[in-house]
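Quick notes on the structure that follows.
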């Protein structure tokens, strides 16, 4: 049975110690620490040996493990067109004066530090986003210049290649959470992004089914097609609520709006077929954590986090090690 | 039976006279003239009386009517963030030096001229796009500043209000084609856009079911909800091709790609329920043209345009003028 | 290929001669004459030899045949609880003073005359309704006394038994149109009604798929189960329009209301699988007419009747007389 | 978390004390007392102070609360056409000589007393039925006189208006259980009934999803549309069992028949989407009880009532009080 | 509540004593003993009184009952065309020299002994397979000689008739597990097989829903149609995984292959509607065991067997003994 | 537009000249001649020059072309286990004494002759079956020895390799009709068969959608995956008729049985999505004939063949040669 962890990104308003205490009490095996809030300060990891020891002992105190850290926010800025929204999600020193290329460069440097910090903590996976120079061209009107799309994948590879060099030097894998707004968000874009970056051990994927199912994609098929790249897995659910008046596109509405055509829900409340997903993970030999990224704009967070860990233990199971009819044969 | 017209926008590579001859031979009742290519030059309409007479006589020669003209390309630039793609769809004099605010201003002025040109031609509807300051914020990550979304609707109203003033002065209606990339593309965004612009006779909608059905929206319900605004109707079809590996979002692929989750198809080859749509149009009393916007990246254009006019005549029908059981009662 | 006829019940506002002219021009093979309006006067058939000759010659003049006559309205009153609505559908002499038992008795006598009239005209089938003493108890609240339900089937058999005696004497079959509001409207109620009336040649069924499909019933399965009873077939279609807000029950709204969950539509516009139905009719050897009962509250009647005869010829086909693989074998 | 209660109507064969003991042991928070059997005698409440104290102390003894009482049976007779079935569900003194208008008048008076009794017990909601003068006209054949339907809604308002006056005087809400056989059973009829009775605080709705889902209606959409009227909620489930031979209409069969197209089932065994319903209740701020009306003709009642309370606790959850991405932003 | 047993056929690699200990610890009520491995030696039962006592006391020691024994492997050889695969599943003495008719004859004799062994053990049901002379003719190409198919059912009856004589003499029922590769695997073949063997008490059916649902068959309908023959029930589940590239036929792939269109899964993980099945079993009065035949090529066997017994207790329930509205009526 | 041909295999009871006359009158462009009946005698082609000229002139006389000949029956015997059914489909000289290996050897030789005959006739494609040593092992019970399955693919390659040598020498392609009972009948088996035979130009596929769709397979996806192998295409349709009592497996019933879960139907009457298939054929550049293999056990053959050629012309269309938005750009 795989360890069940909580991604702390949506809980950054709580001090880590408080959150860790809750998670331990709720039955979690560990945390996927977000590199924001007070949860994990990448710079301090690299400069303050006491901080590293302190984080470790705090987790140990609560009996929690850590198999991955999450660097979504800084990663997003590496190859995004930068706007005011990024300011809200970046550390002040990364945002700086907000000049786009400067922001992107500093974000890339911070991602290299994040690899180093992971290594310093003895952690082998950094989950995160990449941003995308071309996401905004999703719908081709005015008609796209398709060379610009090609160029977007190249730019992604140019900006992330040197970062992945550091990851590989440090023995850490970056795990891109395939997600709308990122360079890869479905099957064809994942194929193209992987083709652009090349067959590098240091560049893996974080499979989060909730970002696939509202697109009508099959997470189990995704696991099988990209099996060698699956470095981390999120447990998160999504529900389609289509009734002829709600769009699958989101309607420029926040996730809690009644008129939205889909939204995130606590695991088990939505349309993800977790049974098929677990079978696919067993088939590809994924042995890492099942990390709950808990987001449900219609449910109390604390209730949800407790329910989710129980649910996740229910869906996980070990594969068979014998053919089912072997025992028939004397 | 409503007149069946062809929107000429996808045929702008053909001289209008040649296209009109084909359409007449194929059985069309008229054309929805695109304001680009050589099809309709808005400036010449306003400055060259001979041009107006010439366009009219040419249509008459072919026995074709005209109930609407299409100004999608210039309209798009009125409140879009401007980029290189706009250059390809705008007249040189509207693009000018490409400075965004200048492009937007010139596009707005050209739209006012378009209203005047329609009036000069005796045409009561201009179909088109509005652009959108906020389309690119479709997926809220980095998390949207929702006041920015609110501000987007306001900006739309500010930029289009003065244009609609001219439309109303000229006795012409603008008909926004509800469509991704525009300020309104589904039910909630149409509600908000109409609320922003206010209850103005000059601002109507062009109902094109192909832009709704891949979003899982019901075009008949759309017609009923926005009945007073329906100023024009397109006949265009779309097919969802979801198999667990193709995304509903489009995958940054051109419309002809095998891996796309949906694409446009010749009318009758897709998922639009035209029977329900005709019933809704009958119910709201829509008496304008059924204008075929023919786009099918997998079919020969000439074959398609012929098939489409026959198909459209098949689906259209007049409503009943008696209750079905009246005749039971002696 | 079976003859295609039009049921004239919904056209009783037109004089029969006018209607017959239209039908002939539209390509019909014949008419299923309604016993109301001026279409067929049962009493005159029995008393006025000239009338019989006149009706016959008029049909011959238009080249039309007649395989069945329709007596739905009077039949309805045979075992219904009588209320004001019946007055509107009954001849004045049958309604009389409106005292319920008198109305039922006179309706039963008129049905016997109808059998005699059919025989006089050389017609072997009378389609119609039976009414039902228990339809109003459809939903069991206040809780039904189930003996009352049993008693309803018995009453049906008591009232219709003597009528069917006359039908059998005359060599004519009554064909109950299985339909909500009648003693039989689905599979279990048809089974019970047939059990009550017994295995009589004179009591058959008029299979109209439109009354089955909004109940989610399979008309082909109906044809196979009740094969020996199928004496006549209607071609009529129905469309379910369920969207979570429209009820399958009808909402006490007339058939043309936008909020209804289902309504009748011109054949081919709805949910009936006519291909399966024709295959079932071929299997059971049904050789009678396909009689179009045209009702579509959203379509022009004249257009619909023309479209429907063409559609019906398209769907009908003859069965195979050889096994498909016989020719493989030398 | 909302209190979970049991509606005692289906348990009226058990003395209340015995039933209360069972419910307490099974984990219920309270009871929705039926005004029949020995469960609650409305007349005694108004005349016997000791009875009130006794009922209260009995509930307290079992640790049970009471948020609503159920007056379905007498309510049904207020505007129904009266027949023998009503005798079985009415107290002898309300039935009297069974003359319909007298029965309706006495039922209306009893409903006023029920409001007074609720107030005397400190209870703010009376659930129940209204009956309907027009339910039996569900299927328009013989063709309805639509003015008669209009008149039915008016009669409902005339008969219930004075009753609601008393409810409002007493500070109690009547909560109509929207249900076939009642004046309101779906969206359009609820709209019309509310329009007829007017925007009165004293007239609310009891949302029972089991009566909506076999009609293919969406209970969550119902909660949102009629949000201000939702005064009480039942937890009850229903299963559609359509296979082409079973009708959605019920076939004049009792609920336990294998040939029925739908039937009631223990909560969680059917087609109700309780997750969506809870989200809708959270959205509209419904804070009252989730009252289990347990009916499953295929399951042992005692097993079912125990299973249902556990199930109901599983589906209920509190809404979120923070935006899901707030914690992303430092 | 019915007893829950485990069919030991897939556990024949474990000594029965060890398996019984596990099952008792996991909460099973009993075992359906396979007549292979060391689980049950039919010959020893008939020849070694100590063996019978020993088996009984061993089960008693673990607190386990036994309501049926499973003789699938030998039964398969009774009317199959024999090939090398049978050697692997037959005892050496039954296989003998492998000459087909000899193998079939010895298998038939062994089945008679199995009936005698069951009687000796006080067990009333023997589950098993029959084999089929015609299974290999499933798809009619080269075109079948349909008389050969008829002859197949006759041969089945000829070979099994004498075996069933012994079963009836011993007061034991044989329960054919309806299953592809057997003489009966769906509704029509079960009808024909039963017609061939005749209405004999000694020939019953073992209803295993997993063999029906991948064929798109309804196990509850199966239970109702063949109610008098249902002698035993398996709890086993199956999942269809059709995505346009995986066939429903199996692709000549083993059950654990990712490309298969369906496979067996642990109960509750698949497409079987166990709720409907339990309702059908209640309706026909089946009171025997729910015997888990655990096969899931993607799950650890020990985990699965524990999960399955809990699941089975969850789905089983007792029927109602009162009409649901009886309590309404005072 | 591709030529539309009729496969003559199901018409072998008619002399070719008569059939050709009918097909010409019905509007066919050509014939796919079956190598049985009097349609095409392979031996005579190779030995009788007059016969070749005669066949050619006869087709020319009717204005018919021939792009492929069909050798299904002899092909079937090349690697099948031989039984009595093969006798009925083989020429007497190929059957000989019926000794299996001899039959297989003679069938293989006849297939080589067929390649030579095609070359002699100037025809580049021979459609047909291969037979299969392992089809009968479809359902793995008794459990398959998977090495035997592997061996089956090898045997296929061994037997067909030398035949394909001759095809390649002659410049003709063999086109296996992927079909149950053949070595390849779905995606995985086609992959394995192609892997076994190797990447040989002489071994292609005949895509017949009717054999895929009852397996829930997507013929368009099949065309794309095996694009280089698609040498010929059949137009044939199939309908699934699943209602919970009819199996997808066929029930050992002939194709005309009412209880079957699927059967072949005239093109357009079934579940094949021909629009998607044509798009896929356009995408892969397939320019050969659309050959109607007409089989519908419920329809008159002559009517069907006429309807089918009209239908096939309706569904076929040429691809686009321009991007749909090219014309937008001035």
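Letters A, B, C, D, E and F mark the chains in the order given here, with residues in each chain numbered from 1 onward.
Following the convention adopted for this analysis, contacts are C-beta pairs under 8 Å (C-beta built on N, C-alpha and C of every residue); 3 or more make two chains touch, one makes a residue touch a chain.
Note that the coordinates shown come from a computational prediction; the quantities given were computed from them, not determined experimentally.
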Of D-F and B-C, whichever chain pair has more C-beta contact pairs: B-C
When chain B is superposed on chain D by its C-alpha atoms, the rotation angle in degrees, nearest 5: 180
Chain whose mean Cα position lies farthest from chain D: F
Whole-Å separation of chain centres (CA-atom averages), chain C against chain E: 49
Shared-contact residues (touching 2 or more other chains) in chain C: 73, 88-89, 140, 143, 218, 221, 243-244, 254-255, 325, 328-329
Chain E - residues contacting chain F, complex: 73, 76, 84-86, 88-89, 134-146, 148-149, 152, 179-181, 185-189, 215-218, 221, 225, 242, 244-255, 257, 259, 261
Complex interface listing, chain B residues touching chain F: 9-13, 36-37, 73, 88-89, 91, 239, 241, 243, 254-256, 258, 264-265, 269, 295-301, 303-304, 307
Chain D contact footprint on chain F (complex, rising order): 243-244
Chain C-facing residues of chain B, complex: 218, 221, 224, 275-276, 279-280, 282-283, 317-330
